[in-house]
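Common to both upcoming complexes is subunit A, partnered first by subunit B, then by subunit C.
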Partner chain A sequence: MNALRWWWGLVLAFALLVVMRVFLPLPFANEVVIFSIYTIGCNFLLGRVGFISFGQPAYLAVGAYAAGFYFTYFGANPYIGIVIGIVVGFIVALIVGPFFVRLRSDYFALVNLALAVIIYFLMQKVLAPITNGDNGLWYLTNLEPTPVLDLTHPSQFFIFALLVGFATWAFYKYLDDSIYGACCLGAKINEDKLTFLGYDNFRIRLTAFVIANTTTALAGALYAVYLGFVSPEITSPTRAVDPVVVTILGGVGTLYGPIVGAIAYTGMKDVLSQILVNWELMIGFLLVFIMLAGEKGIWGTLEPRLKKLFFRKAASETAGGSKARTA
Partner chain B sequence: MIDLSLLPSGIIFGLSLGGIFFLTTVGLSLCFGLMRVISLDQMLYYALGGYMTYTISVLTGNLWFGLVVGVVVGAVAGLAVERVVFLRIYARDITFSMITSFGVLIGGVGVIKYFWGLVPRPVTEPITVQVNLLGTYIPVYRLIIIAIALGVYGGIWLFLNRTIVGKAIRAGIENVEHVEGLGINVYRLFSITFMIAGGLSALAGGLNAPLIMVDPQMGLEVMAFAFMIVIIGGLGSIKGTLVSSFLVGQVVSLGSLFYAPLAQMAPFAIMVLILLLKPTGLYGSPLLKR
Partner chain C sequence: MDGRAETIRADKVTKRFGGLTAVDQVSYVLHENEVAGIIGSNGAGKTTFFNLLTGYYLPDEGTISYCGEDVTRMTPQQRVARGMMRTFQLTSTFDNLSVVDNLGLAYFRAHKKSGLMQLLFNTRKSQRNEPKIVQTMDTFDLQDVRDREVKNLSLGEKRRLEIAMAILVDPKVLLLDEPLAGLAESEIQSILGVLRKHVGHQTILIVEHKLSHVQDFLQRLTVMHEGRIIADGTAEEALRHPEVRRSYWQIDVTAESAGVATP
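Entry: the complex of A and B
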């Protein structure tokens, strides 16, 4: 019974994504799933640990380029490419993490954005002989079909991305419920008390940083397989805000915020970019509006109401349960 | 490997670049020092200054007049944004201001695209005279930029140390509550600081316009350098901003003499190095959000 309650939210969320796949075009569904995996790392950092990272595109690019290099120069198996993307993302996060997590939150944000810009220049200019500069790496025809789930086929790729997404969400839900998740929240709210309780602040933050950015690298590798090319465009400064916007749009620190935000953002982008040419104007004012109006975001506003709607009878029990968990 | 005859012009180029950087980032630093907000929208006023200079210099043929208009527009835009947006977020967390001002910046880039289009526009250089300095010819315009940057630094120093408003701002950087207790309206100080910051950023954009082409992304392009400069110098320190601006300017200029891509990478390496030695930057204060 307890296990069922733990899983049902996840199952429901991904069942809705499957339903969405039936009604909406496939590229949209794929984009939403990858984008929400991309965003959950940023959401975790911002909502749980209190780090705002404008540099997520840097880690996305690390994962994407690691997979891209493998496809162009070494092999053709999409699964191995994704694994390589994750491993390289993990290593990079482990290298830069110790330097970055020591910093104050404002410096952290600035340094991360600077890293994103540096990787952009690195891929566009410095490593141009092997990355083809602005043109990027194209290897779509190189990818070899795989036996069970053929990732070169968009509709089967969607199933794979959905499974990966489900696993990612289960992992983050587990993290949120664990003592470690509570420690992260403690590091966000009051690090002195956390130190007093005997936890190592630095290690908690470093672990969170590595976990979040490895997830982002995974999203990068998925992009690399799905799109069939990698270009420096994915880490350009204008796209640096994307994950932050989606995080805030969906609801900071909520589990399903990234999915809701990704659907809303991708949908708006598709619909509005046909009507309005001026995408930046829209997203800029939307961001300011969300920040000033209510920072809870879409899911953060919806969640309590939905809970009230469905659990009117069990309200007292769940309130008691959630209070016990957060305490 | 390196042509020594290029060195003097390289140094002058770096100094003028540093001057532009200083004017762009001093606003960011001032706003952080007094109000504890990270005002990324300074990059918008930078682009706005460039575009106003372009428009007015095309209309009247006089760049200096365009520069003045740009500074006024930048200051007014800064004031408007402060009144509408920042007034509501002073009490919030510092990262909050960063996200919001980034929204203002992106939205502003959209506005610029709407009015001026996507195409980069060239601005004619007002002074094409070159002077002979140690055997190489140096454009006078770059020397003027260096002089203006140093003049602005001197002006800010005088303003902060010799005028009553400046002293109030300096006191506010130390402790806002005490200044408020003296019966000074700190919100007026905040507005004044924002106007100064916006005007200076616009001045930087206007001065830089003839050297690069003005395009809607120019604010975003300079942003990475602005970040590195405030981090190296330490957020909130005017002196630190001046030192690190010229440092980064030299690194970019001389670095590109050795190996062109180095110009983009070397400032980042320096930033990481300085953060390792001193996590608050060269002149940064250890104090956190009030």
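Entry: the complex of A and C
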């Protein structure tokens, strides 16, 4: 029973994503799942440890280019490419992390942006001989079909992405419930107290940084496989705040905020861009509205209401049985 | 003072902030199982001195040793690992966690292996029914609010929680920075009641602005004024000291002496 309670939210969330897949076009579903994974790292940093990062595309690009290089120059197995993306993302986070997490929150935001800009110019100009500069790396036709789940096939890729997403959420849900999760929340608001209880603040923050950005690199590697090409556009400074926007849109620090935010953001992008030329302007206005309306984001506002609704329904069902069911 | 072992020894410790010398050549020895207090007016340097002992600041001059070991340059974590535990003047808890999770964090660090892996592989839930934590919640009357987020607690409850967290760690020395400030009389009594249980088998150092509440509870009293120690001894001795009498009208001593003090 306890295990069931632990799982039901996760299962429900991903069941809804499957339902979405039935009613909405496949590219949209794939984009939502990858974007959710992309955003959960940012959400964890912002909501759990109190770090705001304007440079998440840097880590996305690390994962994507690591996989992209592998597909272009070394091999063709999508699974191996994804693993390489994760490993390289982990290593990069481990290298820059010790320098970055020492910084206070506002400087942390900017130093990540600086890293994103560095990677952008590295890929666009400096390393152009091996990255093809603005044109990027194209390897879609090189990718090798894989047995069981063929990642070169978008509909099977979706199943894989969904499984990866589920595992990612289970992992972050577990993190929340662990003592480490409590340490992160503690570090977010009261570093001094944590230090004076004897915890190593630096290590706690570094670990959070590495976990979050390895997840982001995973999203990058998924993009690399799904799109079949990587270009510097992925780490363009104009896309730098996307994950922060989606995090806030969905609800900072909520477990399912990134999924809700990714659906809302991708949906608006698709719908609005058909109607309006300057659709990004609307996103800007919407964000201002959300900040003013209570800064809880969509899921942060909905969750307590849904809980209330759900529990009230459960209560009324036990009270007046069949009536509720026929209605 | 007597044959008891030294727990903390500060030797000619000085701390300056710009042109201001907040703590000036202070030497102080705290003995094992002693219950000592430091009082002084605002700006007397008592909290700065306290922060030097616990490693929040590093002294500009002088040395601090703990159980015979030089800890002057040690980080707060290293001092905590050796058994020093402090509370903060402005109550310091984790407001975004529940009461029981606050206690869990304090308990886990002190009593379990708490490397990164242990932090990751133990759930908060596993701590919640730890007998020691449950017992501490009973002692500090926190059972009713155990699952409440700390930001929703009253100041008194928060203060009790912070002291409970410190005691849960089983420290050798308990350093309390103004544990009674801003509390109602009944809350003060409940905190003192708990602290009394630890008298005799724990070294306790209390920094207080108001003496009246802790006077009968302290075995030793030190008075600080303008960064220096001006009197040290039992409460009566310290308060009878001429220099204390000269400056005590700034300090809220006891109700009785406050009457005399009004200039």
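Everything that follows uses one rule, which is that the second predicted complex is superposed on the first by the 311 of 327 C-alpha atoms of A that agree within 3 Å, B and C clash if a C-alpha of one lies under 4 Å from a C-alpha of the other, contacts with A are read in each partner's own complex, and residues count from 1 in each chain.
Assume a residue touches a chain if its C-beta (ideal position, glycine included) is under 8 Å from a C-beta of that chain, and two chains touch if they have at least 3 such contacts.
The model shown is predicted, which means the values in this text are computed figures rather than measured ones.
Set against each other, subunit B and subunit C differ in how many residues of subunit A they touch, and the higher count belongs to B. When the two complexes are overlaid on their common chain A, residue A:Met291 makes contact with subunit B while staying clear of subunit C. When the two complexes are overlaid on their common chain A, residue A:Ser155 makes contact with neither subunit B nor subunit C. In the superposition on chain A, contact of A:Thr301 is made with neither subunit B nor subunit C. Judged by the touch definition given at the top, the superposed model places A:Thr207 against subunit C, while subunit B stays out of reach. Residue contacts after overlaying the shared chain place A:Thr195 against subunit C, while subunit B stays out of touching range.
In the superposition on chain A, contact of A:Leu185 is made with subunit C only, not with subunit B. In the superposition on chain A, A:Phe99 makes contact with subunit B only, not with subunit C. Once the two complexes are overlaid on the shared chain, A:Trp279 sits against subunit B while remaining clear of subunit C.
Every residue of subunit C that touches subunit A in the complex is listed here, in rising order: 54, 56, 75-77, 80-81, 85-86, 88, 92-97, 101, 104-106, 108-110, 114, 116, 118-125, 127, 165, 169.
Across the interface of their complex, subunit C is touched by residues 175, 177-183, 185-186, 188-190, 192-200, 203-204, 207 of subunit A. Contact residues of subunit B toward subunit A in the complex are 32, 38, 85, 88-89, 94-96, 98-100, 102-111, 113-114, 217, 220-221, 223-224, 227-228, 230-231, 235, 260-261, 264-265, 268, 271-272, 275-276, 279-280, 288. Looking at the complex, you find that subunit A touches subunit B at residues 52, 54, 99, 102-107, 109-111, 113-115, 117-118, 121-122, 125-126, 237-238, 241, 244, 248, 278-288, 291-292, 295.
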